[in-house]
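Here subunit A shows up in two complexes: once beside subunit B, once beside subunit C.
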Partner chain A sequence: MTRLLPLALLAGLALLPLGLDANPYLLNALITTGILTIGAMSLNLLLGFTGQLSLGHIAFFGIGAYVSALTSLGFEVELGFGIRVVHEPWPAALGFLLAVVAAGLCGWLIGRLSFRVRGAYFVIVTISFAEVVRLVALNWVELTQGPLALTGIPALTLGLPGLGSWTLRTKVQNYYLVLAVGTLCYLMIARLVGSRFGRAMRGLKENESLALSVGINATRTLTVAAVISAAMAGAAGSLYAHYLRIIDPDVFLFATTVTMVIMVVGGGKGTLMGPVVGGLVFGLLPVALRPVMAPEAQWIVFGLVLIAILFVMPRGLVPGLAGLLTPRRRGEAPTGSAIQPVEVRS
Partner chain B sequence: MTSSAPESPILSVEHVGVRFGGLVAIADLHFDVRPGEIVSLIGPNGAGKTTAFNVMTGFLRPSQGVVRFRGTALTGLQPHEIVRLGLSRTFQRTSVFPDDTVFDNVMIGLHRRTRSRLVDTLLGRDRAAERRLRAEARDLLDRVGLTARADEKAGALAYGEQRLVGVALALATEPAMLLLDEPVSGMNASETRVFVRLIRAIRARGVTILLVEHDMPMVMEVSDRIAVLNYGRLIAQGAPAEIRSDPAVIEAYLGQGSAAREAAMRAASVPTPVPAPMPVPATPETAVAEASHA
Partner chain C sequence: MDQLLQHLVNTLILGGTYALLGIGLTLIFGIMNVVNFTHGALYTMGAYLMYLAVTALGLGFFLALPAAILGGLLLGAVIEFVLLRPLRGSDIDTTMLVMIGAGIVLQSGTLWIFGGVAKSVPTPFPDAPLHLGPVSVSWLRLFVLGAALALIGLTYALINRTRLGLAMRATFQDHDTAALMGVNVRLIYTATFAIGSSLAAAAGALLGPVYVVFPQMGGLAELKAFAIVILGGLGNITGAAIGGFILALAEELGAGYISSGYRDAMGFLIIIAVLVFRPTGLFARAERIG
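And now, the complex of A and B:
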């Protein structure tokens, strides 16, 4: 059941463009939803599995977008002291890789800086970091064009030596690229969560002192989680840049982080499918609402839907629905009940 | 194994003091534990026992003094680094990862037993190691007698069973020495009896044990030596028989409330079928006989 559901969803999503008859509006909505869903999945790795709330998660997304765009566009900047840096355009695929690396490095930095204090401090550090990065993107006009936006970003070109190459310009191509990257991220997170590393994350989240006392290194575990999470967000940002072909400092908007948090919490944090389901629901909700109400009213419905979900299913859609499907197991002993003596074998 | 002489201590607490502001939690604690011993640290509430544990395991920095484990000074080491040296502990209250099954609890506890790298995990090359870990987890659950509870949420277990999960977690780190913080509190008499056998079984595998416990009959029965703390000071140490008749110890307990007085009276008047369970290798039969007064 739990194994079949993701496969069924993947099959459905893979066949969807055939049914849509290449409707550009719906495809566009699906692609941006898919990109945000990858962001939500990466956020879930931190928020859901380690319990650390990164409210600046969009920073990693935006850094990925800008690094990828600048790598493939090339730039020329004056760093002061007469140092000029000139970068010739590189292939977009290289930009994607650099975006992942750069975002991952930023995740490492933020992790090292803030995981010694944790909790509310981590939230504040991440918000501030995102704001600083946004201001840099806005004001370092020579590099980023500031509010004028980086335009003419090339589309991604995938190629295999000897087999030729494809430049992904159409929406259908981008759709499948996002689906492939999303699936890869899902599989990676699934592997991590089910492994020794995933158990270390769960242990730290559930009982930190006990986790330390069995030899789990808290700072290292959380930092590695932050690096992987940030790198995935960076990958999503790079996809975004090469799909839209134009980015401006608005990619760092705080509201986008909030959308990702809503996707994770609404879908079910700490579950593999939660951010995927939450991402699709909240990503496609505006599409469903567009014919019937104005954009401003849509945000109200957005909020109402979230409240309704959390009221009925406090842990989110996926755990809530799973709970409805599986009948409650009997014999779950209440805490503190008298117990039978247990046999010791030595 | 260490190259040191058999009589050299595995753990030595050397003039350790802990102050929180003006409050002296531990004044000048100084004692040794030798390899293979079961030593108990007792004393009235607030005497500094758990504080001492926290110092030994790196959760608290002492204001003075040093703790050595197998000759290594533990000063400045993090809790997870101290575990790696072979000194493991259990906790008084929260001894489990509540949202995981008992089996997964032990799997988390086996963290240090493999060195799977993330790359191996992502490429699915850690399967053999994971299989080995699952076998070890089953074996550990069998040792502490929790096999039947393997699939239950640890947080839903009764307190006594949660303590056993805590012991399984500590054993998962393959310690040379185990610190048990009030392991039988919340257990009934028969559970305590079973636990005493578990402690002996652990010691029989060569693990040194330091115990903090309020259950005096249990302490008297299981310990080779007892150290008594009061107001952060060591007021006595010796074999159970000596401690039972030590005037300073009786004074310390009588000075407390009536509950402590009762405990001391009971401890002092324990009928002992066998003199004192000194280095007598305990068979299950004698263990049950000794525990029958509980």
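And now, the complex of A and C:
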């Protein structure tokens, strides 16, 4: 069943726009949810599989968004000492690639800096990084327009040699793009955690001293995980910029990191499907709550749901529900936690 | 030179409240091993309690301050009792996420109840500042400094001179042994969280009247409190007190001589620098517990 669930979900999501009859409000909610879900999947790689709680994940997302937007818009800045940098606009697809590379590089930098420390220190250093990046985006007006926002970001154009090219302007096109990128990220993460490298990551999470004693290089493994995670978040940020066509320093808000953390923890950290299910549930929860309550009240519900999940299903929805659905074998302890439902926790 | 003197005076005044924030956070971390993500919300609560006590209850400025601090104390005790006590023994990430959830609830609740418009707290101090040679300072800010220093002194006396403080220090060193010696560790945890929360509320109640009171004011304050605590070393109370003044100095000089836009970035740059060069904080002695 656990093998079929992702495929069934993918098929359902692929057919969904037909059923929605191109309802723009719902499609928009699905696209932004999908983009945040990709962010949550990338966060899960760090939080779920290596056990490092990064609360600055939005920095990589925002860097991806800004790099992609600036690459495709062009810019002109004075760096001081008479050095001027002028950049002519490039195609948006190149912006996407550069966003992935730039976010990955930042992931490497933060990994090198902060994996010297663990636990609470790591959490705080990642928050600090995100705040510094936000303040730079807010204050370097010449490059980023500051609070005035970068506007007129071009839509992504995809082309295959010999087949022509398409510019993704409609919501349905963007929906399928996000679905494709999300599926790709899912498959990459699945391959990664099943590999030797994935075992090293989980080894470090379960017992760092033991992992070190069998020759796993902790800093290298964690840094590589951070690079991949950051690059995926950068890709999500780039999709966000080219879909909304406008970004401002608010993409760096701490609240978005919290949303991604809730998606991962609520869905089930350290499982492949957890962030996907969590992403869909918590991404679409505001849509369901919108008719009945004010935005502030929605956030109160968000906070209460997070607390409730940690108290009732500390391992998240996917492991929790799988534990309820799987029939108990005789002689087994009657607790949900004794069952190991998800394939990666072999 | 005059400008520098003025910056140093401002540093003292800002540093006092920063130190309060940092001491509260580091106390909770040191004794309970909890990263308190409600600290910013409690800071906001303190400011709003101050506002309510002065405007709605008509308590008067000097009575409103202890009322706001008491409110923070009670709120902290409730948070500890409802959320942290059942989670004793779970890992630090779980409590951290529960505290994030509680912080969201408190902050959104404030926004829902009071609305997003900033409020100002009326004060009894004269508008004209006090001139001391080249520097000038408002009476309100002078009072804020005095009150902050008094509260820091009270906290030190509580920890070093009372039986409760003795029990807190024992729990800090080894909670199992403290429990064996007859310390009611659960009560100590509640008391610690309540005291730490009341210090955050005090900082909010003191800085609220200086600036304005709004629901999101706690977000940045919380991040600054983290910076202060990292600077002093997690769990180090004296370190947090000094860290508060260092952060204030960095912000004042950064805003004055580099760019006022990056004033709030100073704390984070300090965190990153400290973690690169001295990962256990500036004032680390031997290995600390917690």
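In this text, the second predicted complex is superposed on the first by the 325 of 346 C-alpha atoms of A that agree within 3 Å, B and C clash if a C-alpha of one lies under 4 Å from a C-alpha of the other, contacts with A are read in each partner's own complex, and residues count from 1 in each chain.
The rule is simple: contacts are C-beta pairs under 8 Å (C-beta built on N, C-alpha and C of every residue); 3 or more make two chains touch, one makes a residue touch a chain.
Being a predicted model, the structure only gives us computed values, none of them experimental.
Once the two complexes are laid over each other on the shared chain, residue contacts for A:Ser114 go to subunit C alone; subunit B is not touched. When the shared chain is aligned, no partner comes close enough to touch A:Ala225: not subunit B, not subunit C.
Once the two complexes are overlaid on the shared chain, A:Ala200 sits against subunit B while remaining clear of subunit C.
Using the contact criterion defined above for the overlaid structures, shared-chain residue A:Leu150 touches neither subunit B nor subunit C, since it reaches no partner. Contacts of A:Gly215 after superposition: subunit B is touched, whereas subunit C is not reached. Contacts of A:Leu192 after superposition on the shared chain: subunit B is touched, whereas subunit C is not. In the overlay built on the shared chain, the residue A:Val276 is in contact with neither subunit B nor subunit C.
On subunit A, the surface touched by subunit B in one complex and the surface touched by subunit C in the other have no residue in common.
By the touch rule above, subunit A contacts subunit B in their complex via residues 188, 191-192, 195-197, 199-200, 202-203, 206-207, 209-218, 224, 332-339, 341-346. Contact residues on subunit A toward subunit C in their complex (touch as defined above): 51, 53, 113-114, 116-117, 119-121, 123-125, 127-129, 131-132, 135-136, 138-139, 254, 258, 261, 265, 294, 296-297, 299-300, 302-307, 310-311, 314. Within the complex, the subunit C residues that touch subunit A are 29, 35, 83, 86-87, 90, 92-94, 96-98, 100-105, 107-109, 111-112, 219, 223, 226-227, 230, 234, 259, 261-262, 264-265, 267-269, 271-272, 275-276, 279. Interface residues of subunit B facing subunit A in the complex, by the touch rule stated above, are 57, 59, 78-80, 83-84, 88-89, 91, 94-100, 104, 107-109, 111-112, 114, 116, 118, 121-122, 124, 126, 129-130, 133, 142-146, 148, 152-153, 155-161, 164, 166, 169-170, 172-173, 188, 190-191, 193-194, 197-198, 200-201, 204.
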